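Got a structure for you, questions after.
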Amino acid sequence: MLNFNDFFKSLDDQLEVMWQAILAESRFTQAILHGDIDKTLYAIYMIETFHYTAHNARNQALVGVRENPSPVYTKFCFEHAAEEVGHEKMALHDLRSIDVITHDTVIPKPLPETETLIAYLYWVAANGNPLRRLGYSYWAENCYHYINPLIEKLRSTLKLEDSQLTFFIAHSSIDEEHFDEIKKIIQRTCNTQDDLDDITNVMETTLKLTSKMLEAVFDEYAKLQAGTSTRYSFLKNTSAAA
Amino acid sequence: MLNFNDFFKSLDDQLEVMWQAILAESRFTQAILHGDIDKTLYAIYMIETFHYTAHNARNQALVGVRENPSPVYTKFCFEHAAEEVGHEKMALHDLRSIDVITHDTVIPKPLPETETLIAYLYWVAANGNPLRRLGYSYWAENCYHYINPLIEKLRSTLKLEDSQLTFFIAHSSIDEEHFDEIKKIIQRTCNTQDDLDDITNVMETTLKLTSKMLEAVFDEYAKLQAGTSTRYSFLKNTSAAA
Amino acid sequence: MLNFNDFFKSLDDQLEVMWQAILAESRFTQAILHGDIDKTLYAIYMIETFHYTAHNARNQALVGVRENPSPVYTKFCFEHAAEEVGHEKMALHDLRSIDVITHDTVIPKPLPETETLIAYLYWVAANGNPLRRLGYSYWAENCYHYINPLIEKLRSTLKLEDSQLTFFIAHSSIDEEHFDEIKKIIQRTCNTQDDLDDITNVMETTLKLTSKMLEAVFDEYAKLQAGTSTRYSFLKNTSAAA
Amino acid sequence: MLNFNDFFKSLDDQLEVMWQAILAESRFTQAILHGDIDKTLYAIYMIETFHYTAHNARNQALVGVRENPSPVYTKFCFEHAAEEVGHEKMALHDLRSIDVITHDTVIPKPLPETETLIAYLYWVAANGNPLRRLGYSYWAENCYHYINPLIEKLRSTLKLEDSQLTFFIAHSSIDEEHFDEIKKIIQRTCNTQDDLDDITNVMETTLKLTSKMLEAVFDEYAKLQAGTSTRYSFLKNTSAAA
């Protein structure tokens, strides 16, 4: 008999440890918290967000495309996917609203770390325990507790309006509901300790891959600032470009 | 500029021709219309229906998993898939309700003609113009006009209650709404004559493959009646088994 | 303990029945045997051959991409696929050599019946018993006994040189060796009666789908002759075009 | 006009930088070079090697399953895949030969870092420029220059016979030939600077993911030594188990 309260507590504890490490050690989060950034960091980050978000509905639905014993879970996968469709467009909207890109800007390919995260999510969606992708949803729908301070700091440092933060604002409200659904679907579909272990594994791995993506974003920002890379010099109206 | 009224008219005209041929020439439909059947024909048919229906939500969602220029269409694919999840269970329920199978019955694999239909639907979902699977939905959500007389005849010949026809009753009401959605999504997403031609092609091909499946069902029924095949002799409480 | 001699005998007997029916009843084969054709029938047939052949190496390799208990079989799949790569180009070469197409000709999409065959082969490659695709190879590598008389008649009716029949000549010699390999790999990898039944099923289904493709080719030929379709009127220097 | 000598030189230079960093900084390689290990490190490493190697032939072939303009490249993919089939079995053989596992040992699932590498390789095989997987082959077939000193040190520290190192010995000889083929196929198939950039990107990313896998192996080794994990305590006849 699985004890889901204990399970959620163990996931939450593990997330607390991992997020505190990210907030304390990551150059990306430290730069934001110290206000030591300009629009280009936000822009590079939102471009990567655009990339992986564009795949999230698709790899979520892919779980349901597999032969699956539970119609409840299959339906959840398709409904959840339907709700996520097109969200990546908000990321580009926000960048246009601060004038760093235009409708004609050719968005560069994802960074290797972003592509690795995307690759892993498709792999998890298509292989192994179909339930394990819930480990990604568990933290992704439940991260605003940790990232809201970062967003607030971004907002004040870069003087962003709500209309320039639509991606984050939309998700922080949508995702609260989603998080309850994630916990409910875990309770309805998981039957074995292996199910729980697989979810834990994917939660940890996807959060680690995401934190590596954040570091890669910061590396690109630092290179842009130092003038050692031109990959993002297409960004307009930024202090780096000025 | 595409004229959708003309397009829908041409699809409807083509369906009229194809269905009239099926109703007039198919031994499957003729046997039903002449009341010259027993429960085993219904059972064999519902087993094949169980098989392809179990794949419909999945191959519908697969269209949306592909990289797709239109978020409207992607969302439609996932929502439509979500609504179809688990419908195959109604087919088995109906067979249990007439006592030809039990919860323990091992359902035989699909017939080759059914597997061919399933294979083609996945192929269409994964390859070529993503819009073309709408050709399948166009007739599948719009077939009750043609098959209701068959169902009524089945009902009276086999003395079936509503509770023994849940698959058909559920679909004939759900699908009316769906058909309007199909026409709307065609209008919102198709931009070229090629889109329309691809939809027409898939409509015709999937209806042809379905009619071949019906013939294969009748062949198996005839073999069971003649005692030349034991494939379906597991069916219980039928005149053939009696 | 499986008796492979009996199994191969049963496959051969079944092929004999099916091929005799095709040779006797198919309008495609009858037209060829009566010499009642022109280059356009050959051309339409070779275009469809081009289409499905272009997929054969790919769906053969796909079997090996799946998780597979037998390295011997996986290796066979990749080696066999490697040998088939690019053979479709011979089909187009032969059509250019008789001046019905040029290098610039836009080849029309496959006919629905051809696409159905292709779809089924990918389905079989990706789903169910991985060994079952051997049922396709069994007849495809072993069909020259039946089709050589057709090719000879084609050759004399259309006055074709060897250099205009490279697809058939290459395959009739390559495939003899291949057929021995197919029988060997069946003996090395099949362990259960289910394996043999699955191979039989796919052999029958793919030959049936191929015969439907031949009928569809003849239908298109007849429509071209009758002037009721322009789909193949791009074919040059043919009696129909003259 | 692409200059392949310059390109290969740039790849080699980049590999030199990356490998020197791995050799100098990685705890995994440092532990081996200092002889500060026992059989369990070798065992954990070979288990992960077993896992990703079991997928290499499959994701190599997957590149060829995609629609691909170059038959030369498609054929290369299938032939190269055929040669790699079953190599993972050597890794397990070597572990049995040093008595740390038996035929009955249940091999644990791959570590998250190994699964990430596997996931990325399938992603690269199935998406984006089909040529880019050659970036993985470029370093994987060309790594013995760097890892032979590690293998020699392993051999002397753990007193391994050739018959206990079959995986490494087989690959160091096979792969020399393979490396020449990789360079030839790059020259025959790459036409644009984008092709070269994509290959460079995948070379760097897969080597980085591999080095993270090595670190994860060392972490597990350290946890086993410290008694803080039982994941690998099934390994027999090791100093940790003794």
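For clarity, chains are labelled A, B, C and D in written order, and residue numbers in each chain start from 1.
FYI, a contact is a pair of C-beta atoms (placed from the backbone, for glycine too) under 8 Å apart; a residue touches a chain by one contact, two chains touch by 3 or more.
These numbers come from a predicted model, not from an experiment.
Farthest from chain D in terms of Cα centroid separation is B. The two sequence copies chain A and chain B touch through a face in which the numbers common to both exceed half of the numbers used overall. Chain A and chain D, compared by their mean Cα positions, are separated by 29 Å. Each chain gets one centre point, the mean of its Cα atoms, and the points for chain C and chain D are 40 Å apart.
Between chain A and chain C, the centres computed from C-alpha atoms are 48 Å apart. Under the contact definition stated at the top, not a single residue of chain C touches 2 or more other chains. Chain pairs that touch one another, listed by label: A-B, A-D, B-C, C-D. Across the complex, chain C is touched by residues 112, 115-116, 118-120, 122-124, 201, 204-205, 208-209 of chain B.
Partner chain A is touched in their complex by these residues of chain B: 57-59, 61-62, 64-67, 71, 74-75, 77-79, 81-82, 85-86, 89.
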